[in-house]
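For reference, chains read A, B and C in written order, and residue numbers begin at 1 within each chain.
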């Protein structure tokens, strides 16, 4: 095919690129196939059109933290899962709590995590999230020992299908709203 | 979604499964999402229908040795390849000099180039310029061994933004300058 | 270990005499039972929630007493697990003792000694719930499946850039080294001749025999170009790259690439 000329051809190129990518593609990356012959505004418009074209079909075009990707609609997840029954184990509670602290309280040190959870942090937990590229070190706190500060990455957001941290479920205090502490008589 | 009931729903499930698989899926694997509620004959028919549905679109459903897979139509390969361009290397000095000799002294044989540069010509250098369609063989010199005569091509001129070889930077100042006739012998 | 663990604890007067059933853990497996908690805060939270205590109004004595029982069991069974829990006991006892102390008028404004504990419990509970929410979220590779259809990978060769300045520089360095180039005149005109030599050779590769006049497009080419063509042919002949033949005077002149002669004539 020569360089795409019509809107239809451009949409086909974008579809081909996105359906084969296996990961989110940024706007800059999505401009590359057009070798300088496409405006960002046009690209955005085309992406919106493709998104609309795929309404009610097997896949959906979604924008996540690091770009655009096609993913199977949630309702098909169970059927896809049946192809490969052995699935990745889910994280332990300790791991999830550690991840939650980093996600909601970032940037945090290991000391902060230990303070919140009341127990020592298992280094393997940190390592598994670093290996998955869900967390990384973003600096050091300027206190003695200069402990590393951890934060979640763009990949973490991508993998949860989020565009930004603000899309995380809001953290809730189940306890009743602020009640002034009444000094109770010693029991 | 509950178990797919209609032909349309089944096709959507198959599409989702195939587009996210990342590898060809056998008929047996493709039956798994339907948890025993689909005949092989039905599956084959649905695959044929999906294949037809995608006619003229960005992807094609293809049967390969180990099963079925969606793949981008061949005409989109160049656009997909542009997403991750490989880093541009630079030509070595030897390559540039070889190219310069062909450009300025064409048509020349490898022997000519070797005589001018005083060293053997690396065949890879010639090959990379031939692959780039910057040089080609325009004949053979009628001497023993009948060596090939190389010349630059129109693509070479196009790629350098020239209309003809006469637009190559002239180097008259060099030719006019006297080059000592005798090699200055060691004193 | 006895099948029924005696836990001497009372919360709001309720006797807690066995390991809570709602954990689905065999009562003889204290270690596992304690492993089910993520630490002293988790255990405290459990005790508070289990007995529906108001987290903002913790009865310190009861809580501390019950907590200490757990710690005591831990000390018996699995000491290394107890460190974090012991620290918490110390904190609970400290809070309790501060609450028992009579408050002088001067420090009436002192914060409730339980405040810090309550703050930590609330923060931990919030994180605990957030962790559950995270776990419930669709994840890549589990609920989220990304399109990754196959494509033919063509190695997109990125050729290096070459400017003609570079080419000239390369040429100059060749000239500098090759002293025998003094015989050649290299310049605009000659380049053009050499280009036309290549052009003539290319045509002769396609049409093995070419009539002399066919090489000259008199209608379309300007005089300089025609001259250059002629020079190119002469140079090709001189270098033995083409053969120029004529059967007799005034008959057509034919050009043939020297290397094509063998195949075409014999």
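The rule is simple: contacts are C-beta pairs under 8 Å (C-beta built on N, C-alpha and C of every residue); 3 or more make two chains touch, one makes a residue touch a chain.
Values in this document were obtained by computation on a predicted structure and should not be read as measured data.
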Chain nearest the overall Cα centroid: C
Taking each chain's centre as the mean of its Cα atoms, which chain lies farthest from chain B? A
Between the Cα centroids of chain A and chain C the separation in whole angstrom comes to 13
Between chain C and chain B, distance of the C-alpha-averaged centres to the nearest whole Å: 26
Chain A to chain B, mean C-alpha position gap in Å, rounds to 35
Counting only residues that touch at least two other chains, what does the list for chain A look like? 16, 19-22, 59, 70-72, 76, 80
In chain C, which residues are in touch with two or more of the other chains? 145-151
What residues of chain B sit close enough to touch chain C in their complex? 16, 18-22, 24, 59, 69-72, 74, 76-78, 80-82, 85-91, 93, 96-97, 99-101, 103-107, 116-118, 131-132, 138-143, 146, 149, 151-152, 159-160, 162, 164-166, 168-172, 174-175, 178-181, 183
Chain B-facing residues of chain A, complex: 1, 4, 12-13, 15-17, 19-22, 25, 29, 32-35, 57-59, 70-73, 75-76, 78-80, 82-83
Applying the document's contact rule, which stretches of chain C touch chain A when the two form their complex? 38-42, 55-57, 59-62, 84, 88, 96, 99-100, 111-112, 114-115, 118, 120, 122-135, 137-151
Within their complex, state which residues of chain C touch chain B. 145-175, 177-179, 181-182, 184-189, 191-192, 194-195, 197-198, 201-202, 204-205, 239-241, 257-261
